[in-house]
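For reference, the structure I am asking about is given below.
Note that the chains take the letters A, B, C, D, E and F in the order they are written out, and that residue 1 is the start of every chain.
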C-alpha cells in the first residue's frame, strides 16, 4: 500500500513537471495547467489514504483538517474568481504568502512534536516565514495598501544584518542541537521581520520580479518541508518550483532590463535608486517586449500596419513585409494604412513598400483605412509619429487640422520606434501615453525582425 | 537523507531545464502555475494534522491546511483564468 | 454675392500647357459643396478629360466668354490674361511670374497657390508646388532614361554584363526625392546632394547615398527652403561637384532658392568632363538660368563631347492627367478653405489666406509684394 | 588567305539606324585573336563611340571605300548594299529582309545572325535576336511610360491616391519578358499572355499575372517558337483579348511567328474601347502589319478616343550604346566560332554554321532558302 | 566518507546533465563534452576511494581491474584517434556494444555472487546482451563486414518470438525466485541471439537510427546495473542516456523521414521494405536537412549563392536576400554568382535580386565568379540546374559548349530544389551526385526561409 | 528500491527535457556524447572487481572493466573529434 502511495506521489511529481513543460507555449499552456492540477489531486488523494491507513489521526485532527481545507478552498476560490485581471499579481503574491506560511507551520508542527530534524527544519521555518511576510508586503505594495515607493528605514542595513545573524545562529543551533521550540520561534520571528525589511525598500515597479523570487523561496521551503516529513513528492515539487522560479525570476528581471542583484541588494541598502530616475518619463507609457507584442499580433484577427518615416529611415520595408507574411500564414488579416504625408515625400511609403513587394491590394489610403480601425484588433505603428497624433484633432498645435489615421480607435496599438523622440512636427504624441498603446522601443528594422522571430516561435 | 538529497538535486535540474525559452507574456501565468504547484504543501498540512493532538498543534494544523488549500485552489483557478486570454484563436 | 457660387474652369492658353485646373472628379466634389461649375469647351482635352466627362460630372460646358462673364471664381493653372477678368472676380492658380499691380488695378482678387505656407501641416493638401514638383521629379527620370542610350539597371546576359547606370540628383526637395525614388525603382545606383543637412537622412531613407562633400554652414533658410549661397560658397561647391559629376551617367538637378535665380551647380567644364552618351536634366532651367551652365528651358542640346543636356520646362505639363488630377485636388481644397458658410470670404488673419491672397479690393497685399517665387 | 584576317566595321546606312556592329571593346577582343580591324570613320558616332575610342582600341579608322576594299570580313548590323562587296568576302550581320541571290551572285559569303539555331545552348552568346529584343522590350516600357499621361506606380499623396497603371504584355518571348520585368520595376500591375503554355510559369516568375484565356491547343511550334494560329483561332483570341485590353492603361505587344506576318491581336474595336490617355506600343509593327490593327512602323498616332498607338520600329536602335555593345559581343562570338586555326573556314556540318551561312561559293544555301524570318 | 562519495556521485551525475545540456548548441558543445568528462573522472575517482575504503578487493582483483581498464583504455583511445571521420558511426556502435556488454557483465557478476536481485538483474542482462550483439551487427553492417541489405531469415518471426519468450519467462523467474546462474545464462544467451536477429533484417540506411536506439538501450541497462549494485550515479546517468537517447532516436528518425516503429517492426517482420525501393534513385545523392545546411552555412567563411530559374519560379528573391543578410551578420562573406542565361530571359536574376534590394556590389558575373569557387566554402545553388551542369564540359550533351558556373570546384555545395527534376535542357545534372553536394529538397521560398530560421537558432 | 525508482524517473524526465530542439547535425555528436556517458558503467565494473574472488569472477571483472574503459575513453575522444568540426569559427 505504502508502495502504491509512493508510486502515486512519483506520478504526481511527474505531472507537475509535464504540466510546467506544457506551459512553455501558449498553445499547450491550458493543458499544462490541467495536468498539473491532476497531479495535485492524485497527490492529495494518496495522502488521504496514507493518513487513514496510518490510523494516527484523531477525530479532532480530521475536523481541524477538513475545516482548514474548506475555509482555505473557499477563500482561494472566491478571491481567484472575483479578482480583476489587473489585481492578479497581488493575489498570486497572497497565495504565495499562505503557501510559504503553511510550509513554515509544517516545520513548526514537527518541532512541537519534538521530531523536527536539523537543517531542513531551520531552513523551512526561515524561508517560509520570510516568504510569508515578504509576499504580504509585496501584495500590499501592489494593492496600494503599503506605499509603493521604496521605504528605507534609518539603520536598515544594521537591522537586516542583525536579523540575518539571528536566523543563521538559530538555524545552526537547530541543526546541531536538534529541535527546540524556543529557538525555532526566535528564528521564525526574525524571519518574519526580515521578510518585511527585505521587501519594504524595493520599489513597486520591481514587485513582479520580487514576487517571482518569493515564489521560488516558497518552492524551496516546501522542498525543505518534504525533507522534514520525508515526503519525496514535496521535495520534488518544491525543488521544481524553486529552480524554475529562480530561472523565471532571472528571465523576468532581464526582460525588464533590471539585474536581479540590483533589485534585491538595492533593497538591502540604499533603496531602489534607479527607480525614481526612470519613473518620471516612462510613468505613463506602457513598454512592451518583442515576445508580448508577438503574442498580441499572432492571436489577432485583423491587423493594420501604419508605416511612417522611421520605417524609411531604418530601411525596414523588407522586414515589415516579412512579418506581415508570417502573420498572414497564421490566418491574420493584414493591411497597411498609408497616410498621405507619411515619410518625407509624396508617395514615400509607396516607393518603399513596392520595393519590398507588398501587394497593392493590401494598401489603404487614409479615407479607406479610417473607418476600419474600430474593427481592428492591433494597429502596428512602425516609425510613424505625426500622422497618428491625436493632437491634430484639437486646435492650437502645429499639426492641428491635419486629418490623421485614427489608430486610437483600434482595440490596441503597438508602436515601434527607438525612443520617445519627436517626429517632423516636433511635438509630443498623445497616442503613446494612451493606455491602449504598448511602446516597443527599437530600431524599426531590428524590432520588426525580432517580432517576426518571436511570432514564428509561437505554435 | 542522502536519497532525498539526490531527489532534491535532480528536481532542481528538471526545474532549470523545463523553463527554457519562455515568451515574456507567459512569465506571469508560469509564475502563477509554479505558485499553484507549491500548494502541494497541503500534503504536509495533512500529515501534520494526522500527527498532532494538542490545541496548539490543532491550531497549527488548521492554519497550515487553510493556507495550503487557499494556495492550491486559488492558484489553479487564477492560472486558468490567465491562460484563457490565449485561447481566443485556434 | 448670390446664393450659389459659380466657378469657371478655363482652357489654358500658354503654349505647351496641357494641364487643366479642375478635373471631372473635382467638378463633382465642388458641386457637392453647392457650387455651380462652368467649364470652357475643350478645357481638359489635352489632359485626356473630354468634355463629355465634365458634362457627366455635372458641369456646364460653355464658351470661354460665357465662362468668364458668369464666374465668381476662375480656376486656372497659369495666370489668365488680366484683361479677361472683371472686378470682384476671384482668380485662383499658379499666378506668379509677373507682378500683381495689373490684377489689383482691375479689382480682381488674385489667389496664388505659390504663396501657400508650406510648412503648415494642414495646408499640405493644397500644396500644388509639391504635387507638381512630384510629377516633374518622376518624369525627369523617365525622360533621362529614355534619352540614355544604355540600360539603367544592371543586367547579366549572354551578350555581356552591363553595369547599372549612375544617377546623381542635385537638390533634394520634393522633385529630387521623387527622382531618387524613381531612379532607384529602375535599378540605378543613385547618389544625391543638397545643402540642407536634414536631406542626408531623407536620401538614405530612399536607399540612395549622399554625396560626400565638404559641409556648407547652415544651408537651411526660412520656411524649410534653402538659403542662397555666397558667390565663394557657390564656386567651391561647383568645383567639388565637378569631380563627382564626371563619373555619372545621368545627372538630374532640381535646386532652387525662393525668389532667386537657381544656383549654378553644373559648370560647362563639368559637362564636358562627362562621358559621351551621358544625360543631364535640369529641372530648374529658367529663362534667367538654371542649375546647369548650358541649359535652356524647353530645349535639348547635345554637346560636342556627346552629352545630352535637357533644359526641362514644365515637365508636369507633359504628364497632364496626373498633374491635373493632383492640381485639381489642391485647388479645390484651397477653394473650400476660402469658403465661410457657403460664401467665399477673404480673411487675412487666416495663416493660409495671408499667404495666398495676392491682391484684394484693388490693393496688392503682402504676399503679392514679396512675389513669392 | 593571308596570315592576318582583316575585319571591317561599316557605318550603317539605313536612316535612323544608330547601332554599330563592333564596339571599341569588341575591337580589342578581336585583335587579341590576331585580327586586324578597319573601322569606317564615324561608324560608332551615333552610338556614342567616337573614332578616338576605336583608335585607342587598336583599330584603323579609314574611309568606307578603303575598309570595303581591304576587308576579308565585313561586320554590319543591317545588310550593306551588295554592290559594295566583292567576291570571296564574308559579310556578317542581321541580313534578312530580302532574298539572298544577289549576294550569292557576287560570290559573297553571307552569314546572318538571324539563322542561329536558338535552342542550342552554346550558341546563346551569339544570339543577336535575343539581345536586341531584350533592348526593345526594356525600351518599349520606358517609351510607354513617358508617353502615358499618368504615373505608373501607385502613390498615396496629400493630393490624392493614384492607382498603379495596368500594363498588359502580349507575346512573352524575350522582349515580352523584359517588358514585364521593367514594367514591374516601375511599379505597374502587370499581366501578360502568350499562346505557348510554358510562358505561364515564366510570367509568374517575374511576379506578373497570366491572363485567364481559354486555352489554345499546343501553341508551341518548332524550335521553341510559336506556331501560326488558324484564322478561327485568331479571331476567337482577338475577341477574348478585347475584353481584357479595354481595362488596361498600357498595352505592349511583341507577338511574332517565324516567317509569317505577326498575328493581329489588338483589333481596332479593342483600341477604341480603351480609356482616353491609354498607350499601346506594338513591337511587332512591320510594313506588312503588326499585332495592333492601326499601328504603322515608326509612327505614333492618336485615335479619336485619345489612345496613343505607337508602331515601334527598331527600338533597339534608339538605345544604340546598349544595343551595339550586346550586338558586338554576339557578332564577335559568331566570328570566332567560324574560325579554325586562325582562319575563317565555312563548315556546314557544324550546327551553328548550317543555320547562319546563307550563301557561299556562289550558292544560296539551305538557311538562305528558308529565309528565316 | 561514504556521504562524501555519494555527494561526489551526485555531482558527477549533475555534470552529465549539464554536459548534455551544453551539447544542444554547436557553440557550447565542446565545453559540454569536457564537463561530462569531468563528471566521469570524479565518479571514477570516488569509486576508487570507495573500493579502497571497503577493503574488500583482493590484490588479484586490483590487478584484473587495472589490467582491464588499461587494455580497454588503450583500445578505445587508439581506435578513437585513428578512425577516419567516415567510420565514426561504426566506432560509436562498437563502444555501445562494449558498454552494453559491461552492463550485462556487472549483473552476471552479481548473480554469480548470489546477491543479484530480481527484475533489475534480468533487465540488465537482457538489455545489455541485446545491445552487445545488436551493436556489433550494426557496426558490421556499416563497415561492410555484414551485408548492409536487410537479411531476413526464413522463420525470422517465429525465432524472434521464441527468443523474446525465453527472455520474458527467464526474467520473470529471476524476479520471482531470485538469482540463478543457469537462468541468467539462458536469458543472456537468448538476448545475445535476439540482438543479432533484431538488427540483421534492418537496412544499412537505417543504421544510424538503430545505433541511437541501442545507445538508449545501453543507458537503460546501465541504469538497471545501478539498481543492481545500488549506485545512484549509475541510475541517474543511465536513465539520462536512456531518455535522451530515446528522444534523439525519435528526432533522427523524423529527420530521415522514417518512423521508428516502421524501422524496428519492419526489421522484425518482413524486412526493410521501403529501403530497396527508395535505394535506387537516391543511392548516389546525399540529402541534407535544413539544420545541417544551416550549420554548414553559418560556420563557413565564404559563401556564393547561385540563383536560377527555380528562385524566380518560387519568387524567393526576398528570402535569399534575408538569408544572406543573416549570414553576413555572422561575419560570413556572401556573394551571388549570376550565370548569363540563368532564368528565362536575359537579366532575369538581376530583375529579381534588384527587387529584393540585393546590393549590386555582391553580384558577380560568370567571369568574375568562376576563379573564386575554389576558395569558396559553400556554394548555395537555389533553383539553378543547367547553368551548373558539369556535363557542359563534355561534348555530346544538349548543354555542351556552354560555359558553366564551376560550382563543383568549391569545397562543398548545397542545392535547393524540389526534386531531382530536370531544368530547361531536360538532362540529368551530375553535380547532384557529386559527393561534395548535399541536396536540400524544398521549394526555394520555403527552403530558404527554413534555412534562415535554422541559422538564427545557432548562437 | 523506491528511492532508487524516484531517482530513475526523475533522471528520465531530465533526459527528456535536456534534449530539446537539437539541430540534425548535432545528432551524431550528441549520440556519441550519450554513448560516453553510459561508460559510467566502469564504476559498476570496479565495484564488481572489488567483490569477486573466483577465476570466473575475475574474468568477468576483467572483461567488464576493459569493455567499460574502452567505452569511456573512446567515447569522449570520438565526441571531442566530432565537435572540433564546429570550432572553426568564433
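Here, contacts are C-beta pairs under 8 Å (C-beta built on N, C-alpha and C of every residue); 3 or more make two chains touch, one makes a residue touch a chain.
What you see is a predicted model, and the numbers here were worked out from it, not measured in a lab.
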item	value
Contact-graph separation of chain B and chain C, given in steps at minimum	2
Third chains touching both chain D and chain C	A, E
Fraction-based call for chain E against chain A, same above half, different below	same
Pair joined by the larger number of C-beta contacts - A-C, A-B	A-B
Centroid distance [mean C-alpha coordinates] between chain E and chain D, Å	57
Chain D-chain F separation of Cα centroids, rounded to whole Å	72
Centre-to-centre distance between chain F and chain C (centres being mean Cα positions), rounded to whole Å	80
Computed distance of Cα centres, chain F from chain E, in Å	17
Per-residue overlap in chain D, given as positions that touch at least 2 other chains	124-125, 130-131, 134, 153, 155, 157-160, 182, 185, 187, 207
Junction residues of chain A, two or more chains touched	13, 17, 21, 232, 236, 340-341, 346-347, 351, 354-355, 357
Junction residues of chain F, two or more chains touched	3-4, 6-7, 9-11, 13-14, 17-18, 20
Pairwise chain contacts, counting only pairs that touch as defined	A-B, A-C, A-D, A-E, A-F, B-E, B-F, C-D, C-E, D-E, E-F
Contact set on chain B toward chain A in their complex	1, 4, 7-9, 11-16, 18-54, 56-58, 60-84, 86-90
Chain B contact footprint on chain F (complex, rising order)	3-4, 6-7, 10-11, 13-14, 17-18, 20
For the chain E and chain D complex, residues of the former touching the latter	309, 312-313, 315, 340-341, 343-348, 351-352, 354-355, 386, 392, 398-402, 425
Contact set on chain A toward chain F in their complex	3, 6-7, 10, 13-14, 17, 21, 232, 236
Chain D-facing residues of chain A, complex	338-342, 346-347, 349-351, 354, 357, 360, 363, 365-366
